[in-house]
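Look for chain A in each of the two complexes below; its partner is chain B in the first and chain C in the second.
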Partner chain A sequence: MASTGAPVELVVASGKGGVGKSTLAATLAIVLARRGYRLVAVDADAEAPNLHIVLGVDRWDEEIPVYEGRVAYIVDELCTRCNACAEACVYGAVEVHDGRYWINPWICEGCITCSAACPPKAIRYRFRVKSGVVRLARSTRYGFPLVGGESAPGRPNSGKLVTETKNRGKSLLGAEGVLLVDAAAGIGCQVISSLTGAQLALLVAEPTLASLSDLKRIHRLTKHFGIAPMLVVNKYDLNPDIVGEIEDYARAENIPVIGRIPFDPAVPESMVKAVPLVEYMPDSPAAEAMLRIAEFVADKVLTDWRSWWSRYRPKKPEPYVPIIIRPGGSAK
Partner chain B sequence: MPPRWVVAVTGGKGGTGKSFVATNLAVLLAGHVRLLLADLDVEAPNDHLLLGVTRLENEEPIATFFPIIDYARCTACGACMKACDTGAIVAARGRPPLVMPRLCSGCRACLMVCPEDAISPEGRRVIGYSYSTPVGRWGDRFQLVTGMIREGEEHTPPAIVATKRRALREAPDGGLVLVDTGAGTGNGVSAAIQEAQLVIAVTEPTPLGLHDLRAILEIAHGMGKRTWVVVNRAGLGDDRGHEALAREYGVELLYRVPFDTGAARAYARGVPAVKACPGCDAARSLRGLSGELLAALKTL
Partner chain C sequence: MRIAFATNRGGMDDTLADRFGRAPTFTIVDVDPESGEVRETRIVENPGARSGSGAGVKAAQALADNGVEVYVGPQPGPNAYAALQHLGIRIISMTGVTVREALRAALEQLKAQQ
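Our next item is the complex of A and B:
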């Protein structure tokens, strides 16, 4: 039984969508489990959860709905059409159709601004709107549990759902082992919730200018959190020039490049079959590359993760600094 | 200057090819309609990179309201904390409140409920920037409006709405605004497609693409939007499920753009596929899609 000493959180993130986070996270989880690590896999993309599909999970043992949402609506008989609500709403949720004022439930975040602004007090709320669901599969085919969440479409604050999902995962894991978190694309609230509390980040990039730009943004975010990053370049044979630019950036920023994966049509093929590539075609070029990367993480990173973290975490703290403009106009 | 049409390109799953489709459509349509492309993927905007634009121009800060509390007037009544929807205002019992900048959405609820007039209406916080850049190197000119949040910002809808409003303000009179929404299926996407008369959902022929297509169609359908589905990288998987799903949601057109290494290489380098390899399968298919869209504009 491989041991980590204390729970360690490793987040797989990228900024750019579609570069192979879930595919790599699934492979990593399978290899770590084979190596005897205690592990919980967390799908931290509440808006487009995919990890269960890659891992072939078609049934959940637990599905707990979360009812935190709140949506405003206008009582038409009381409305004086003064437009105060439309002017107050920062989300633009108030629409006018044939002279009638209507709050679009797909846009409304449920804050109290419009009702506070409304002179005739014509605005009410629907409470306990479904925000989403937290799901658990106690044991995937590979022996470890999978926790995931799914936001109801069009709802705000998926970051909250990700936090609840991670907390469920952490309580399942207990005092020892690896929390392997597959983050969403982007750098917004979902990703920030994924990164909170993590020590290690496996950043995935593809050789495109778009991916390099997004890599820089997600990397700066990991610096805010003091996380030790490592980099994998996926589909690397599509553009060697840009691989060079990506690795130059990594070198300049002390981000170790721990592997490269070639483009491989076996990847989408295995996805269509809903079987992880390392099971479907373990000899394929991409599978071999991913296995080597996973073995590196298992044997060289996690066995003494505190040394790794110490070596590669940001040397200078770079916390988020807000830009506030005070009355009188001077930026702080 | 009100545009005549707004068409949104979205998709849910990251990496299906929203920006690929949106930027190529912009290049193709710019010769036929006056056009503005709005990149509302404020977390990770990429349209400028796919169009080989090296410098974004006309930077404007996106500044939302930020409560600056006058502690001389504050009585620590807690009304602002109760009113705050995002938990950005915290206070221990009876103590004056503290505002946590990263969580503040700028909604002004605190300002409106404060009984002591202790919050200034003038305070602002810069959460990101919007840009407006002319794109002329690929033929007929069009304008690109880009939104970008500062790294560390939790809450993206205010930045999406601000960038969208700029795009609608600067849109050519009587022309087309093409919106690239960015990944996701949350209220950021619904805000990005709010004004659209047509929503084009870009997906990929895998079970992951299918799963996220359902969520996007749920939103578009719920908002009463006419929808098309574009299966990008067609041929690299199985899209029968996508076809069935499209029928289920009353999607008006399902269009396939084949996987094409020429197009992928062009994308990587920042050259629109329709210019880099006009004869390749993906480019021909994109031209066909732009023709369908032009014809559809007459009915929108």
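Our next item is the complex of A and C:
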């Protein structure tokens, strides 16, 4: 059985959506499991989860609700209809129906501004609002567990849900093995939550300027967290010029390019059939490329991941500081 | 000097948590930076851990409310990082060690940077 020594977290991220994260993450998980690694797959996209589809999971063994902070409500008997709450609320959550004031729980952010502004103190908070579920399949067809999250539409905290999902995955994994995290697209709270605590990141790009732009943004985040990146270029044969630009960036930033996958119509076919490509058509060009990449990760990266991490992690801390807007001011 | 460590259960022998904003607790240590003598320690719950959104910023605020001057632990995310900078709290990135070991390393680093 292949061993990693201590638990290691590898996040598959890209910035841009639709470049092949889940496809590659699923293949990686299957190959690592075949190679004898202890593994838990985590679908960290709580807003649009689809790793379970690729892995053929149609039933969950556990669904654990996750509760978030609070939502305000007005005690009607105390309300004097003074309108202070509506004026205070920056989210526009206060509505009036038939003369009665009502806080829309789907809009309310629980920021407590309205209750502070309410003269008769008629506003209370309901705690325990369900923001989503963490779902667990103890054993996929390929032998490893899959943990995923699904957020309730409109509820704002996917970051927390992703944290709970990863924590469940980590407790399942135990003292050693690989936590393979399939991140969401973008660089929002969900993705940040997917990245914290990870040592390794597999960044996926496709040969478009949009993908290169998003790659730079996600790479800045991995630099912020001190994560060692590696790059895979998907559908590379579609535009060699942009592949060149992407690889120039990678070279300048010390990101090792660990593989290139050709465009292959077998990929969408396998997605339609909801079967991983390496099962559906293992001889197809994309499957062969993905298998080689997965074998590289298994044999060259994970066997001594500390050396890999030491070699490729960002040497200088480069904190990513967002634009700060001071109250009453504009972005500086 | 007051130093906060991101921890799980908390205490000098606990290992550092693996993230800042949703670390379960902070272990706050009052230490003499010259001698390394620990005068007082306490464990506070991190309000960010329970929070729906803005966990990192809430955690940073909690450190400021507790008069923390230096934070030691995993690198905070971008929003939390900016908040800590604005609050004037120094950040020392560290993972994988106990609070005791982290304290020793942090004091060395602070001395070296003077």
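The working rule: the second predicted complex is superposed on the first by the 270 of 332 C-alpha atoms of A that agree within 3 Å, B and C clash if a C-alpha of one lies under 4 Å from a C-alpha of the other, contacts with A are read in each partner's own complex, and residues count from 1 in each chain.
The rule is simple: contacts are C-beta pairs under 8 Å (C-beta built on N, C-alpha and C of every residue); 3 or more make two chains touch, one makes a residue touch a chain.
The structure displayed is predicted, hence computed values, not measured ones.
**Student:** Does the superposition put A:E68 against chain B (first), chain C (second), both, or neither?
**Tutor:** In the superposed model, A:E68 contacts chain C only, not chain B.
**Student:** Which partner, chain B or chain C, touches the larger number of chain A residues?
**Tutor:** Touched residues of chain A are more numerous for B.
**Student:** Go through the superposed model and pick first if A:G226 touches only chain B, second if only chain C, both, or neither.
**Tutor:** A:G226 contacts chain C only, not chain B.
**Student:** Would you check which partner chain A:S22 touches, where first means chain B only, second means chain C only, and both and neither mean what they say?
**Tutor:** Only chain B is touched by A:S22; chain C is not.
**Student:** Does chain B (first) or chain C (second) touch A:V96, or do both, or does neither?
**Tutor:** Neither partner.
**Student:** Considering only touches as defined above, state whether A:G159 meets chain B (first), chain C (second), both or neither.
**Tutor:** both
**Student:** Per the contact definition in the header, classify A:S151: touching chain B only (first), chain C only (second), both, or neither.
**Tutor:** first
**Student:** So in the superposed three-chain picture, is A:G110 touching just chain B, just chain C, both, or none of them (first/second/both/neither)?
**Tutor:** Both: A:G110 reaches chain B and chain C.
**Student:** If we overlay the two complexes on their shared chain A, which of chain B and chain C does A:I192 touch? Say first, second, both or neither.
**Tutor:** After superposing on A, A:I192 lies in contact with both chain B and chain C.
**Student:** Could you list which residues of chain A make contact with chain B in one structure and with chain C in the other?
**Tutor:** Touching chain B and chain C on chain A: residues 109-110, 155-157, 159, 189, 192, 221, 224, 320, 322, 324.
**Student:** Which part of chain A faces chain C closely enough to touch in the complex?
**Tutor:** It is residues 68-69, 109-110, 131, 155-157, 159-160, 163, 189, 192, 196-197, 221, 224-226, 317, 319-322, 324 of chain A that touch chain C.
**Student:** Touching chain A in the complex: which residues of chain C?
**Tutor:** Going by the criterion above, the answer is residues 18-22, 50-53, 55, 74-75, 77-79, 81-82, 85-86, 93.
**Student:** Give the list of chain B residues in touch with chain A in this complex.
**Tutor:** 12-16, 19, 41, 43-44, 46, 49-50, 61, 63-66, 68, 83, 85-86, 101-102, 105-109, 112-113, 120, 122-126, 149-158, 161, 164-165, 182-191, 194, 204-208, 211-212, 215-216, 218-219, 222-223, 233, 236-238, 261, 264-265, 267-270
**Student:** Hey, which residues of chain A end up touching chain B in the complex?
**Tutor:** On the chain A side, the touching residues are 15-19, 22, 47-50, 53-54, 88-92, 104, 106-107, 109-113, 116-117, 151, 153-159, 184-189, 191-192, 206-210, 213-214, 217, 220-221, 224, 238-239, 241-242, 265, 268-269, 271-272, 274, 320, 322-328, 331.
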